[in-house]
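These notes are about the structure you will find just below.
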Amino acid sequence: MNKQQTALVLIDLQKESNFGLIQMDDVIANTQTLIDACRRENIPIIYTRQINRSDQAGLSKDEPLKEDDTPYYYASHTENIEIFDEIAPENSDIVIDKYRWSAFYETSLDLMLKSLGVEDLIIGGVVTDGCLMTSVFDAYFRDYHVHLVKDICTSSNEGSHMAAMMIMANWVYNLEVYETKELIKRFNNESYQHWSCDRPDSLPFTPETMRESYQQLQPRKEVQ
Amino acid sequence: MNKQQTALVLIDLQKESNFGLIQMDDVIANTQTLIDACRRENIPIIYTRQINRSDQAGLSKDEPLKEDDTPYYYASHTENIEIFDEIAPENSDIVIDKYRWSAFYETSLDLMLKSLGVEDLIIGGVVTDGCLMTSVFDAYFRDYHVHLVKDICTSSNEGSHMAAMMIMANWVYNLEVYETKELIKRFNNESYQHWSCDRPDSLPFTPETMRESYQQLQPRKEVQ
Amino acid sequence: MNKQQTALVLIDLQKESNFGLIQMDDVIANTQTLIDACRRENIPIIYTRQINRSDQAGLSKDEPLKEDDTPYYYASHTENIEIFDEIAPENSDIVIDKYRWSAFYETSLDLMLKSLGVEDLIIGGVVTDGCLMTSVFDAYFRDYHVHLVKDICTSSNEGSHMAAMMIMANWVYNLEVYETKELIKRFNNESYQHWSCDRPDSLPFTPETMRESYQQLQPRKEVQ
Amino acid sequence: MNKQQTALVLIDLQKESNFGLIQMDDVIANTQTLIDACRRENIPIIYTRQINRSDQAGLSKDEPLKEDDTPYYYASHTENIEIFDEIAPENSDIVIDKYRWSAFYETSLDLMLKSLGVEDLIIGGVVTDGCLMTSVFDAYFRDYHVHLVKDICTSSNEGSHMAAMMIMANWVYNLEVYETKELIKRFNNESYQHWSCDRPDSLPFTPETMRESYQQLQPRKEVQ
């Protein structure tokens, strides 16, 4: 990871996202720590925001509406679309509004990253099995090397978080998975732990073996 | 589903895909049945093929290579990239070659579908948690109404198939899930069973409840 | 033209664009007239804005910079990126920020138009031979029927405006060309004049015949 | 120009394109010379082909059809879609089929170029004011440095060729324009002549000054 060619992308850490996601407080606290570390390293920070326009323009097919015909979720006229206060963007950060789950779909994210010379993408956010996962796959299709920070990702249910993590690990070649504190060790050129795959589809599971397989995704490969 | 605005898209049912996927024979047999039904209904049939050029041009980042520097999987100079004989395309079918997991990424699939006036997409193929799932999300982003045929999808392990099915059901609004024989009943204007969601993120699970949650995805909502 | 499936797209009518373009005052006055007519017809109005971020993120390759390293043109920290006051957007309008000449390149324009059910695109703006022309071609690639309003388009020099108009007329099948007042007649179901092509590449020219060829593009085909 | 990061892209040099284009024989002869030089330098060669499927799938809106409902131009079932024999691709070359004027629109061209590490794009083909020009703009949007070879480009009329060349020169920052023989001198590290812009919109013209302005585009800036 060449820090001059790295960016941090945070997916949909918006007030609206506080709809019962597991351990959201931890996600916010870890994100805060990671943002601070990235600022110290001059790693650009890019936030995405899911936006459903209250006038319905650009809504996904079958997006749920309220009785007043405004979107049920992430409505543009509400405070809820803002990033959590604790991790709010600074003026020098980049904020990308998006209208579909993937942060790359018909947004300027890719051209922003390319102009910044980014090759390594540090990524996290919510929900693991929705906007985060589809954004990770789209990053991979565009040839970014993806570094996934697992403790800044969460979802509404334990199973889909675990499954989405393993699916990404199985199909995004060369994915690296970290916890925040280990990634920061890497920034500091200290030895750190991470998970990286050695072959595609390396984490098979059944419901009965799922917890055990997921344990293998624990970042514990020591890198000096 | 207006049959004049419907197409069948089959993801990567190629000889190479026979790498130990669960019940592949059933998938092929069901696909054959579905193709026949679509031909009777004049529903266009579109096949996708994963291609890794043997000269390495266009390969995904970190695509595994053999010792002779040709791609380990889906290599363009091998017979393995062909569709299974039992379900091979006819001259009038459309075959889309693709270089990333999603069938929409930098291919002509979307313009083909639009020119055919397609709004309803019947889709299936392999692997459930890879090319199929990323293609389904991309279809949804482009405002297609997705009809997923679960018994023509499979993966290398039971857990990732089940999880990917539930993740799609949770995040693709208005997804409908069928078994082949039920979808054909729908073609015939007979009563049929399917699963459809009534709200986003409706199938939470843990490893312990996963089999039970997945049961809910069984197509059993009766439509007259 | 089904008015329920029509939108007006105005390309880059920003204060910055007043850099010596020919008859810009007329363009603004005509645009004002057209906007008023579209509002009466409930035709959605979409503005695009060229934006060069002052921190350089997302700039085009080789974008000119000032001595202080901010962009020379369309710099995001300046008042110049705003739409001209006379034709400023209302709250209910859609404003699309863009980072490349074409209004479709890595923006949400296409998904906005699709969600609005748009099939007919009324378009104009500046400069004819740059952002306007590349946006028109991109609209055509996406299967929109393009209605080009010639008296709300201009460029810095007469030749490139005339040439770009003829190039679009030659290669955008079924392009229709209007003056503002004639298009409004069409809205009112009155007889109107326009230009439409009957075959590709129908307006050949040399420098010596250019004025004469361009005359043929005058909207004078009478439609009852 | 780092030759290790360079590719040659040839737009639509197909038999069908011989529909009365000016000096097509010269274009083919020059292309042959350029291809030979690129092969000597191990510069990858990519051909594009315009394809209109004879079953109409994927056709542009309002694409002209024959009485038998097959496409009038570039019909997939005809020999005419093949590259001219004199410059036919070899097995190791890349051929990209396309369905819209721009070679980048819903094709794999960009991912091919990226995987080859291409930053400098040598480009030419037909017609100057259609597929060539829209492909050049799309290459520029994607941050390629464009090297345009003017004597392998042509169109059906002198005016549109001249105008399209000047429009590209005005709006593609840092465009370089060569004749074949001068570009080959550059390959050989000899001194060569080319045109390059020093500012945007630098070649204004009227019909009366068009020939004179176009003269300025002659490659005559000597580079040692």
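Lettered A, B, C and D in written order, each chain numbered from 1.
Operating definition for what follows: a contact is a pair of C-beta atoms (placed from the backbone, for glycine too) under 8 Å apart; a residue touches a chain by one contact, two chains touch by 3 or more.
By chain, UniProt protein names: A, B, C, D = Isochorismatase family cysteine hydrolase.
Keep in mind it's a predicted model, so treat the numbers as computed, not measured.
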Report summary line: Of A-B and B-C, the pair joined by more C-beta contact pairs is A-B
Query raised in the report: Taking each chain's centre as its mean C-alpha position, how far apart are subunit B and subunit D in Å?
Result: 37
Report summary line: Whole-Å distance, C-alpha centre of subunit A to that of subunit B, is 26
Report summary line: subunit B to subunit C, mean C-alpha position gap in Å, rounds to 40
Requested in this report: Enumerate the residues of subunit D that touch no fewer than two other chains.
Outcome: 100, 105, 111, 115, 143
Query raised in the report: Classify the inter-chain contact topology: is it line, ring, star, complete, or other?
Result: complete
Report task. Under the touch definition given earlier, write down the residues of subunit B that touch subunit A in their complex. Result -> 60-64, 73, 100-102, 105, 127, 129-130, 133-134, 137-138, 140-141, 143-145, 156-160, 162-164, 166-167, 170-171, 173-174, 199-201, 204-211, 213
Query raised in the report: Of all residues in subunit B, which touch subunit C in the complex?
Result: 111, 114-115, 143
Query raised in the report: In the complex formed with subunit A, which residues of subunit C make contact?
Result: 44, 55-59, 92, 94, 97, 99-100, 105-112, 115-116
